[in-house]
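There are two complexes below, and they share chain A, which is joined by chain B in the first and by chain C in the second.
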Partner chain A sequence: MSTLGTARERVEDAALLMGRGRYIDDMPTAPGTGHAAILRSPHPHARLLEIDAAAALALPGVHAVVTGADARAWSTPFLVGVRQPMEHWCIATDRVRYAGEPVAVVVAEDRYRAEDALALIDVRYEPQPAIVDPEAALGPDAPALHEAMGGNLVSERDFRYGEPEAAFAQAPHTVTTTVRYPRNTCTPIECLGLIAAYDPGEGVYDVLSPFQGPMTLHPVMARALKVPGPRLRLRSVPESGGSFGVKQALFPLIVAMALAARKAERPVKWIEDRLEHLLAATSATNRVTRIEAAVEGDGRIAALRLDQLEDCGAYLRAPEPATLYRNHGNLTGPYRIAHLAVTNRVVLTNKTPTGLNRGFGGPQLYYALERLMQRIAVTLDLDPLDVIRRNLVAGDAMPYRAAAGAVLDAGDFPATLDYGASEGALDALRAKRDAARAEGRLYGIGLAAAVESSISNMGYITTVLSAEERRKAGPKDGAVSHATVAVDPLGAVTVTADSMPQGQGHRTVLAQVVGDALGLAPEQVTVALEHDSQRDPWSIAAGNYSSRFAGAVTGAAHLAAVRVREHLARIASQRLNCPAEDVRFEDGRIFGAANPENDLDFRRVASLPHWSPGSLPDGVPPALRETARWTPPELTPPTDDDRVNSSAAYGFIFDFCGVEVDRLTGAVTIDRYVTTHDAGRRLNPALVDGQIRGAFAHAVGAAFYEELAYADDGSFLSGTLADYLVPTTCEVLDPLILHRDVPSPVTPLGAKGVGEGNCMTTPVCLANAVADALEAAIPDLPLTPARIAAVIHGPEGAPPTEAPPGR
Partner chain B sequence: MKPAPFDYLRADDEEEAVAALAEAGDDARLLAGGQTLMPMLNMRLVEPAVLIDISRLPGRAGIEDDGTLIEVGAAATQASLEAWPPLSARAPLLARALPLIGHVQTRSRGTVCGSIAFADPSAELSLCLATLGGEVVLRSRAGTRTLPAAAFQTGMLSTACRADEMVAAVRFPAAEPGAGYAFTEFARRHGDFAIVAVAAIAQENGIRIGVGGACERPVVQDWPPLAGSALDDALDALAWSLDAADDHHASARYRRELVRGLGKRAVQAAQETRP
Partner chain C sequence: MKRLGAGSRHRIGLTLNGREAGGWAEPRMLLSDFLRHALGATGTHVGCEHGVCGACTVRLDGAPVRACLTLAVQADGRRVDTVEGLAPEGELNDLQKAFRRHHALQCGFCTPGILMSLDAWLDGRPAPDEGEIRELLSGHLCRCTGYGGIVAAALEAARAARAGDVGEDD
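And now, the complex of A and B:
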């Protein structure tokens, strides 16, 4: 019996629950390994005049101090995704542009001593005015972060699909809203960390870390280190303490610590602490979006206009501005909107550079789009469910080419919406709201719908370039994944892949996938995913991001396993005297379909290519090992008119919720939350639901608690977990999760990504509910009690003039 | 996030602790539960030359009830007070406040005296001590003195405790017959420091109300029995008198609103719980 599609306990968990997980900080180090600490800029913007490290170097136990001078000697600035004269070095050279930017690295005998030495480094800064607001950063008087660029605008592109002007001119209604999505992050339990070494004999940098890809960054790092790719060996650790995209931000530190290891002439271990992490690791982009719809009287949207201003922080750090373009093809979400106008601007400010973060562009996009849907319903006095339903792409229109190029692969969005509304008892929730309001309580219902994009097209980011620039640069597209299935001399099966998991349970699912193809129990399949860039197959799309595992990596593993099965079938067919296509694999046995009793042991057949390659049928390779590469042909480069299928698969989500707002405190209680997913074929339903719950918890944080906040002068305000508030289990209710699956025709197993969707839908669904409860305009996220209270409390009376009654 | 070098001394008895304190003075820090001090050390916000560990002082881990005062020693954890069997009968205000302090993990290490000594403006224990009118026992090599709560906490994170003194114990007045007690607070998350906390004691002939979190230290007022709009007016006057401040989490105006609203809830709850 195949276990594919059934809930299985995770093979990873036994080690984790017994405290035997091997994380980066647990990994053995070579004798003499130094420990690094980073001196970080206290200024959001300053010229770097002089660094005197003599006192630090004189401290016993200090091995080396690495500065921008070393970066200049041994490295180059990182490549950036747009043509701009911007230099981003792994360690600041002549200017710092955000509070927390690395200025020097100390390598010492232990971390304590390294931190002692930080205090002894004398840095002379000349502070410059800082700019944190993205709109203000565009002003003519705003201080320029990169002098050679002139201003802070790094990219501006206009896109036009269909006839948006005509549609706006004809439509009876125009509904507009402007939203400001804040900075936040996904706060993995384990911060960044690595062990870097340099072999001067071979000129090889060797870095062990929980880096998760994308491996497009490998060439970026190798180039910065001025070595050919194979001389930057990246190895991944067995376990990662969570990432949600955040560990992509290891890459500049990998380069900095590679230089530190070279200068200190010893391996260097660096474990980021929470203060560093919050201050300077990474962030989701903050985005200002003005969104406008041309609307018919019944709520149908004829055209959409988006003006997106993306704030990427102090440097455009690869792969940015990918956050802005990841959903470019599906900017119209799950809706049938033929006419679309888009202005995209990317601006730099004196804040930590941005990068991958669960949802990656989806939270920002859908916060604008689904707030707009709610505004349309309110403005036209329509049922918000009807407004969503009337605009959804119809089930029989699939696959559907969206205005900006996304090919929505499969699904019946209206049917899924109706299923969620009825199974989740939306009507009962409405009755509850009416009853609560009759009692004078502030109760609201929110809705949100989205397509959840997965398996990113490696070419989507080039949409930031003009068609002519793209022609010059050459085509970019696809999303290659690799997996290898090998059979050992005793017939045991091993799987490796380029998935670089961060705790999701990839080993569990791959064992199910390969076991399914070979008729084996998952326990009989060993999965090893520690990746080594020098020895394991990979391409630029490799890694753990864009929810690509379920569709892409399992697809490659399935194809590799099927190839192994085909070889084994040919071997078995000789012994079973039946055609190879009639050979069946089940429960560790191999037999002909017509005669199941006459069976062979899987291991005997599977070991033969090792022991007797000479007796194999023609075309069956010796010592069975198959590596499959898969890339979806649907992922083509952007067209000359800027249409791009930015992802391979598109799941569908429909959420609704009921919330109550406390009139005194402004605190929001989530009363009920229902989230309905079409994630395609679910390979392990328990892990799917785990992903949904995790994204939901992150989204509750984004909606109500979390913001990487800066003061106007650029100083950072969220430096500890007492300032950056992450919801705990006490604050996150368990949502009702519903499924209505339509398999993807694009991925080999029909799965679509599912890891990020609720980060896209839940913040806006909750915000829509708060707006419904308050029946008023709402403040920006996070919707803190104090911000909500400012809406409901109204004007405050004057202080009393009489003396208080007693003391 | 590693501390600067320091010497560590685990005091075997109180004499050794105060002797070391007298010697090191401002260069020393007392370590009890470490729930505040350890992060401050790791962030290098404090760099003491010596840490004097008083967490195992003999005779200071216990809770003594002399019939009028409940004395909690310097080494007694918040969890041990929470688990003290007569707590809800003898100190109902503390019984209501203790579960709101941090989390079970922090209470199992954090001490009652450590919280009072740190004097965070939002600390539930400081508010209870002030509202109940308790006292603080200070010990130095020179001897022992006792200060009323109002004289002990002088401002935000500041107290009348001298550099050579340790908080050896705190004393909470035991429950009075006929009194009702209530404690209510609003925090962003379960276990967070309160944005505003209110303690209330209702008796036949009056109300005592204490407010924490709104300004530099707890404020306590005694009122005649009040209800309805008279109570609202008193709370409004109290809210305005606090000189509440704006910060990253909340505005002064928001805090005043909470004082009015939570104050009413607390006073009414205290009145309702009168036996």
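And now, the complex of A and C:
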């Protein structure tokens, strides 16, 4: 009996529940391993004049102090995705550009001593004016972060698809909105961490960490360390305490700590603390989007115009500006909009550099697009459900080539929308709203729809370049994943893959996938996913990002298992006297379809290629081990007219919710939330729902609580978990999750990615509900009680200038 | 009162999950670091070191405490229970099984602290409702699960404990 598609319990869980997980801080270290602490800039922008580490080095137990001078001696600045004279070193050299930028690393016999030593390092800074607002950073008088660049604009591109000008000229209505998506981050409960070593004999850096990829960063790191790729050995730990993209931010620290290990002449362990994490690890981009639609009277959108200003912080850190381009092909979301004009600008400010964060560009895009859909409904006095529905790509139009190049692979969006609205009882919610409003309460309903892109095209980021620049650089496309299925001398099966899991349960799913192909129970399949860049197969696309596991990695594992099965079928066919294509695999037995009673033990057949290669049929390899590579041919490079199929598979989501706003305090309570997904074929439904619930919780935080906040002078304001508010059990209700699956024709098993979608739909769905409740324009996210109260009651008066009596 | 020199290390002896254990610690050493790095009890995780996330929750003489807000020297001579003690024979207890059944964990990093809080709390409450469980769990941050599975698992474990009690009493 196949378990594929069933909600299996996870193989990972027993060890984790017993406290026997092996995370980075649990890993064994070599004798004498040093412990690192990082001295970070207190200034958002300053010249770095002098560092005096003598007192720190004199402290007993301190092994080394590493500074920008060492970075200059042994490394180079990181490669940048656009051609700009910008130097980003792993440790600041002559200038700091964000509060928290590493200035020095101390290596000592333990972490306590390393932190003691930090206090003894004397750094002379010359503070410079800082700029935090992306629009202000474009001004002629704004301080330039990188003097050689002359300004803070690092990239600007215009795109035009169809005839947007004509469509805007002809349309009876134009609806516009401008939104500012804030900075936030998914804050895994385990912070960053690593153990770095250097072998001076062969010049090899060896780093153990929960780094998740993307492996596009491996050449970036190796080049910064001035070594060929194989001399930067990256190994992953068995467990990672969550990532949501965030552990991509390990890469500059991997380089810094590799240098620290070299200088200290011993392995170096560094475990980030939470204060460092919030201050300086990474962030989602904040984005200013002006979005405009040319609209017919019935709400149909003829054309869309997007002006996106992306703030990537102090450095354009690889793979940025990917956040801005990840959804480029599907900028029109789930809608049939033929004409599209886009202006993309990327700006630098004195804030932490940005990077991968669950949703990666989707929250920013859909916040603008779905706020616009709501504005269209309000402006034209239409039902918001009708506005969404009338614009959806029709089921019979699939596969559908969107204006900017996405090939929406499968789905029936209108049918899924209708299913969600009826099963989720949208009509009842409307009646509830009417009743609440009749009582004078502030109750609102929000809607949102999206396509959830998964399995990123390696070429999408090159859309930031001109066609001519792309031609010079050479083609980039595809998304190669690897998996290996091996059979041991007693017929037991092992799976490895380049998926670099961060807690999602990949081992469970791969055991189900391979067990399904070989007629084995998942318990009979061992999955080992600790990855070693020197020894394990991987491609530039490898890693745990862009929701690529369900579609891509399981696909490669399935193909590898099928290849093993084909070899075993040929062996068995000799013994069963039947054609190989009639051989069946079930419950650990192998038999011919016509004669199930005459069966063979799987292990006996599977072990033969080890023991007796001489007796194998022609073409069956000895000692079975099959590595399959899979890449979707649909992922082609951007065309000369800048159309790109930026992802391989596109799920569909339709959300609606009801919220109530407390008229006195401005606090919002979520009353009901319904999220309907087409995630393709669900390989393990419990894990799919787990991803949806987890993304939903992140999105509740993004909507109401979370912001990496900066003062105008660039100082950081949300440095603890008491300032950066993460929602708890009392804020996150359990959403109603509905499914209507349409398998993807692109991925081998029909699965689409599902881990990020609610980070795209839920913030804007909640915001639309708040806007509906207030029947007014709403402030930017997060929708805190203070901001909403200001809408209800008007802004607060100035604070009293005189002290209250009695003080 | 015993005086401890700031720069010197002191012998700390305690009962960890029912067994005698000991190691050396400076007065400033956190209990979380002592458990993990001096005693090798790495099941207790460190998520924030400022008492908000709850990942490091252990029981000190039976009461749940944040190990990151407790000094190792404060545990001298006392009983400390950690997640490793919940399944001493390698057999998951009812609460742990309920967590597995309800997919109440993904990365597992926050899980030990949540288990320790629930283990202590369910001891004294035969019939908690969902609201009470949510209130108790609001002292813990989980970024993977969205909490639904954790609440369901806690409710199920409470029901199982109730059924077990009835069986024993009768």
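The rule is simple: the second predicted complex is superposed on the first by the 793 of 807 C-alpha atoms of A that agree within 3 Å, B and C clash if a C-alpha of one lies under 4 Å from a C-alpha of the other, contacts with A are read in each partner's own complex, and residues count from 1 in each chain.
We take it that contacts are C-beta pairs under 8 Å (C-beta built on N, C-alpha and C of every residue); 3 or more make two chains touch, one makes a residue touch a chain.
Remember, it's a predicted structure, so these values are computed and weren't measured experimentally.
Student: Kindly classify A:Gly242 by the partners it touches after superposition: chain B alone (first), chain C alone (second), both, or neither?
Tutor: Only chain C; A:Gly242 stays clear of chain B.
Student: For A:Ala789, decide between first (touching chain B), second (touching chain C), both and neither.
Tutor: first
Student: Classify the contacts of A:Val106 with the two partner chains as first (chain B alone), second (chain C alone), both, or neither.
Tutor: Neither: A:Val106 stays clear of chain B and chain C.
Student: Output check: A:Glu190 vs chain B and chain C. Expected answer is one of first, second, both, neither. What do you get?
Tutor: second
Student: Just chain B (first), just chain C (second), both, or neither: which does A:Thr728 touch?
Tutor: both
Student: See if chain A has more residues touched by chain B or by chain C, and give me that chain.
Tutor: Result: the larger residue contact count on chain A belongs to C.
Student: Counting only touches as set out at the top, which of chain B and chain C does A:Asp273 meet: first, second, both, neither?
Tutor: In the superposition, A:Asp273 touches chain B and chain C alike.
Student: In the superposed arrangement, which partner chain does A:Leu717 touch: chain B (first), chain C (second), both, or neither?
Tutor: Only chain B is touched by A:Leu717; chain C is not.
Student: Considering each complex separately, which residues of chain A are in contact with chain B in the first and with chain C in the second?
Tutor: The answer is residues 112, 273-275, 722, 728, 730 of chain A.
Student: In the complex of these two chains, what residues of chain A are touching chain B?
Tutor: For this pair, the touching residues of chain A are 111-112, 115-116, 119, 273-276, 664-667, 705, 709, 717, 722-723, 725, 727-728, 730-731, 784-786, 789-790, 793, 796-797, 799-800, 802-807.
Student: Residue numbers of chain A touching chain C in their complex, please.
Tutor: Counting only chain A, the residues touching chain C are 9-10, 12-14, 16-21, 23, 25-26, 112, 186-191, 239-242, 244, 273-275, 502-505, 686-687, 689-690, 692-698, 720-722, 726, 728-730, 732, 734.
Student: So in the complex, the part of chain B that touches chain A is made up of which residues?
Tutor: Per the stated touch rule, the residues are 1-5, 43-44, 186, 188-193, 195, 221-224, 226, 230, 233-234, 236-238, 240-241, 248-251, 253-254, 256-258, 261-262.
Student: Chain A touches which residues of chain C in the complex?
Tutor: 26, 28-29, 36, 41-50, 52-53, 55, 82-84, 86-87, 90, 92, 96, 99-101, 103, 105-112, 115, 133-135, 137-151
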